[in-house]
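Okay, so subunit A shows up in both of these, paired with subunit B first and subunit C after.
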Partner chain A sequence: MKNLFKHHETYVLLVIIVFSAIITTINPNFLTLENFFDLAKSYSFIGILAVGVTIVLISGGIDISFTAVATVGEYVMAVMVIKYGGNMFTAVLLVAVVGIALGMINAVLIYFFNIPTIITTIATLNIYYGILIVISGGKWIYALPDWFRNFADIRLFTLRTAQGLEYGLSIITATWFAIIIIAWIILRYTKLGRGIYAMGGSMNAARRAGFNIFGIQMFVYSFMGLMAGIAGLVQALLVQTVAPNSIVGKELDVIAAVVLGGASLAGGSGTLFGTILGVTLIAIMGNGLTLMRVSSFWYDVFIGLVIIISVGFSAYQRREKVKRTILVEGE
Partner chain B sequence: MKKYKHSELIVLGAVMTALFLLMVVLNPGEFLRIGNLQTMAFQLPELGLLSLAMMVTMLTGGINLSIIATANMSGIVTALILTGAINPEAPPPGAGGIILLAVAAGLLTALVIGLLNGLLVARLKVSPILATLGTMTLVNGLAIVTTRGYVISGLPNAVRFIGNGVVLGIPVGAIIFILCAALMALILNRTPLGFNIYMLGSNPVASRYSGVNNTTVIIKTYLISSLYAGFAALIMLSRFNSAKAGYGKSYLLITILASVLGGTSAAGGFGRVSGLVMALVILQVVSSGLNLLRVSSFLTITFWGVIIILVMVMNFFSAKLKERRLV
Partner chain C sequence: MTDLFLSMKNISKRYTGVKALDRVDFEIARGEIHCLVGENGSGKSTLIKIISGVVKPDSGARIEVEGDVILHHHSIDSILKGIEVIYQDLSLFPNLTVAENISLSQTIASRSKIINWRRVREISEKAMARIGVHIPLDEQIDNLSIADQQLVAICRALTSEVKLLILDEPTSALTRKEVESLFTVIKDLQAKGIATLFISHKLDEVLQIAEKVTILRDGKKIETLPSRGLTDEKLTFLMTGEKMEYSRYTIDNRHEEPLLEARQLSIQGNFRDISFKLYPGDILGITGLLGSGRTELAEALFGMNPFESGDLFIEGRKISIKSVQEAIRLGIGYVPENRLVQGLVMNQSVAKNIIITTITRLLNKFKLIDPEKRQRSITRWIKNLSIRIPAFDAPVHTLSGGNQQRVVLAKWIATSPKVLILDGPTVGIDVAAKSSIHDIIRDLAGRGMGIIIISDEVPEVFHNCNRIMVMHKGRIIAEFDSTVTTEEEIQNCINMAS
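Up next, the complex of A and B:
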């Protein structure tokens, strides 16, 4: 029990429970399976990106370019499947190839020229996005194929509300969950995963311990690219239009969600469970404010307060811990 | 080490000159026209002041993601007072005093936000990127709530003069920028605070053990950063002739690029105002030159990205070369 309260995740979970309780007392519609499945579907875009960002943060880096990568992947996919036809498999393949390729460019710049990750990825964000807009002319794409539309409506299982409305676990949400499980296995049970934590803790120590730093960097940024590509595809499935300017600019929102879950920007720490909680908290706040009929103007104020209190509190805890360790050593 | 810093400025100067000449050649007759040079001087101060606000925090090894939100909030406060107190068609007597009061209130708002950032970073030891990400979201939210998402317009003519006026052929905004840049250089190079900022940025532990009060230095740094965001707010207010939550959002990441392009180290400790000014001129020359060539503004941001990566790669190789020579 005492150990439980050492974890940042526990506090985030408590906040989520308290929030949920408040929202439910004001509007009982909140705590329904229907609302849960709806929320999970609409937040799977941010959720998938958050998985990639978590791994980058654990590795001690940061990626800003993922919104541009998602946009490029989404756009290339849409143009190709409209022009040459295809199916869901080719669509996934296209976003995966684009995402991984752009992620690899980031990794190469970061590894070979030792450019700080934040600088590299801000620069490539502008490069990828600028080139896409120039080539595409910023045109929106509406005429997505029928099979693409139909895929978005697939549910793994379907339930009915008392009024007879259908709802259930969307294939999009299921994809997000599957990604979480895969990433969790990689981080937890593979040498690669251990290497990512080691590199985030100390690059030099990881190198001396025999980890292949280049390989790990390559994996981390390609994986982020892959997640961005899939998130772009998910976004296209969710809104059924491809707007080149709809994703770029949301970088910091996703990073904020991950950080709420306790991943440290110093690297070496953070868990996927924390990230899921962070995304959940953001989702509940947005949804809850609507259900409580609070004006959406207040959304950013609440999110900002939660971020400041959360990071302030965990910093305070860390400081206390350091104090305690010093005392123990003094004895 | 001193020589190394010097070489970065030389690389920067060379790139700046080369790009300037390139644009002159690509736009014969047009680029060097007074009109174009003036337009450039109109556009640079906004990004320039915001970049100074970003740079000073980066020198301490921090970052300030809340500068744009701060500038908007500060502008909104000023605009609310101005539109509430002055009818632009018939300015009351003593309007000058009200304008000064409104500007002071805007700057004060910025300072309050800076204090919050400083306290979070220095006292609670929150990592700067997280602290300012939080205040960015919070302040942006407060700006949306106060304006209900609307644009505040109808400002007195005197305000328009700041961003659009010309004195002796030089835009007023550019004069403000030059003064602010000079002031920043003065603070950084000629005051104990500036010395402490650099020392803290290169090694916070050494700085603490040499008797520097790190907490105060960090708080002061974030206050200065916020104040410069407040100065930028005045220029934005005047150039947009209105205030709104969310103006200039795309500047945020560009200010980081400009600082780093100017030789400011993301890890802290290094960077000069002169380098930043050169970097800003580079960005402006590319943007104006390509604009004259009727190239899409999105290709401009692509070029900005390419230039920063090229300069970083050049610095990487020049540092390597130095190392080899030293060996």
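Up next, the complex of A and C:
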């Protein structure tokens, strides 16, 4: 029990439970399976990006450009499948290729020019997004193929509400869950995954220990790119239109969710479980405020407050821990 | 020699204009304990980095390990050849557990891309058993003490088929007792045929443990010598190329009024019944093992840890010091032991660091910093202490250890203290820089300042102080007048106590 309270995740979970309880007492519609599946589907977009961001943060870097990568992937995919036809498989292939390629450019810039990752990716965000806007003229795309529309409605299993409304586990949500499991296996059970933690803990030590730093960075940013590409696709599936300006600007929401989940901007720490909780917290706050009929303008204020409290609390805990170690050493 | 482990020929390394290493040849036999000495900037670290594969030598170099020529220069190649380096910063991963840190080299070297957590634990337990230590496997590294972290680093090196262990200044953060147990481990490894390359500034340790000593100076190898028959003085000469004069510091000043007088100062659990007098021009040495209460005494005199009972007099006036601000106002300066942590703002410029203690004296009538006064003060101290800096606004961390220490000194001397307490004033800096710091200290005493030097190194207090007190378990157990004692007598006194 004592060990449980050493983990950041426990506290986030507690906050989630308290919030859920409050929201439910005000609006019982919150705590329904239907609402849960609905939320999970609509937050898959942020959730998938958050998986990529978690890995980047653990590695000791940060990526800002992923929203631009997602937009470019989504747009290229939409243009291609409309022009040349195709199926879901080609769509996935397209966003994956675009995402990984743009991620690799980030990795190469970061490794060879040794520019801080935040600067590099702010720059590439502007470049990727800027080029897309120049070429596309910022035009929205509505005429997505029928197979694309139909895919978004696939459910792995279907349930019915008392009123006869259908709901269930969307293939989109399932994709998100699958990604989490794959990423978890990579982080926990592969040499590469432990290398990502090691690099985030101490870049110098990792280099001396014989880790292939370039290889790890290449993986981290390509994986982020892949996640961005898939998230772009998910966004297109969810809203069934492709608007070049609908994703860029959401970077901070995603990073906020990951930081809420306990990943440190200093690198080396963070878990996927924490990230899931972070995304959940953001989701129920957004959803809960709506259900409680609180103006959506308050949403940002709440998110900000929760981040300050959460990060401040972990910093305080860390300081207390340092105090304790010093006392012990002095004995 | 047939059982040569490592042979390096014609090793040069040029960094943009500076020659860090110049045609160095270097050899280590199997199971040999070899020491590498040299001043800062002599090329020691570059040589180690080349051995460990972190840095590539310039063309023309030839490196053989067990007769095989090494062509690739990546750390992993050296590790596969059985060469392990423990850097001064230990290169551990603070965010990972003990078990993961220890097993990491094995993880990287193994061909499997999958982590087997059971094997991770087995490897770590085996390595710890080899040197008989027990550290909780699941503890995160940043929760451990430095000495334990070092043990983890050594255990990590032992997980592979290590044949050469390189230790970069392993003893600088250890107490004498921990150093002894480290040396036992090294001897133990030697019995298993593992060679050790050891780097240290502490020449007495070098002579105690090493069989052979290689001396580097300005990137060139001076000589490799068997350590038997070598002395501190000879080594110093070979390292610096100049004969250090070990003059002694004496002064006749007892007729004056003491600057500082302590009567029966005590703090429960720290020190007891400390009495001494410090006269103008005195350099009083306080030595004794780590934990003898010497640092606590210094902190008490400086108001960081106010004393609980006893009396303190400055120039005959009874005072009590409850805070650092009070101590500074009364004319006491303190240069702490760990200059990096406590003494300097590393990212700030030399100039800003020097004036930080005297900023209130540099104000003009609008209470703003007077640029002219500021510049005058800075120039004066940089010149007086001959601090070598690339520019006024160069950040302190770009300076060498010796020059950093001079900046700390300047900072405190600028407050013109009557009493200056120096805790380990030359820890971690090389011989030449050491002697120039000592010259500065003597010069200050010569101008009537009272100085207290706290140091582990008996030669340092013996040569530079006119009086020496030995502390043990919080008490002063002996006091020596440097004109009528010998280095051996002081050393014996410390050894007898412990």
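In this text, the second predicted complex is superposed on the first by the 331 of 331 C-alpha atoms of A that agree within 3 Å, B and C clash if a C-alpha of one lies under 4 Å from a C-alpha of the other, contacts with A are read in each partner's own complex, and residues count from 1 in each chain.
In the analysis below, contacts are C-beta pairs under 8 Å (C-beta built on N, C-alpha and C of every residue); 3 or more make two chains touch, one makes a residue touch a chain.
As the structure is a computational prediction, the values presented were derived from the model and not from experiment.
Trainee: Which partner chains sit in contact with A:Gly164 here, subunit B, subunit C, both or neither? Use first/second/both/neither.
Mentor: Once the two structures are laid over each other on A, A:Gly164 reaches no partner at all.
Trainee: Does subunit B (first) or subunit C (second) touch A:Asn126, or do both, or does neither?
Mentor: In the superposition, A:Asn126 contacts subunit B only.
Trainee: On subunit A, which partner's contacts cover more residues, subunit B's or subunit C's?
Mentor: With both complexes superposed on chain A, more residues of subunit A are touched by B.
Trainee: After superposition on the shared chain, which partner residues are touched by A:Tyr189: those of subunit B (first), subunit C (second), both, or neither?
Mentor: So A:Tyr189 only meets subunit C here.
Trainee: Does the superposition put A:Leu252 against subunit B (first), subunit C (second), both, or neither?
Mentor: first
Trainee: Could you pull out which residues of subunit A sit against subunit B in one structure and against subunit C in the other?
Mentor: No residue sits in both footprints.
Trainee: Quick check: in the complex, which residue numbers of subunit A touch subunit B?
Mentor: 64, 109, 113-116, 118-120, 122-127, 129-131, 133-134, 138, 249, 252, 255-256, 259, 264-266, 297-305, 307-308, 311-312, 315-316, 318-319
Trainee: Residues of subunit A touching subunit C in their complex?
Mentor: These residues of subunit A touch subunit C: 188-195, 197-198, 200-202, 204-211, 268-269, 321, 325, 328-329.
Trainee: Show which residues of subunit C lie in contact with subunit A when the two form their complex.
Mentor: 52, 54, 74-76, 79, 85, 87, 89, 91-96, 100, 104-105, 107-110, 112-115, 143, 145
Trainee: Considering the complex alone, what residue numbers of subunit B touch subunit A?
Mentor: Answer in residue numbers: 65, 120, 124-127, 129-131, 133-142, 144-145, 148-149, 249-250, 253, 256-257, 260, 266-267, 296, 298-306, 308-309, 312-313, 316.
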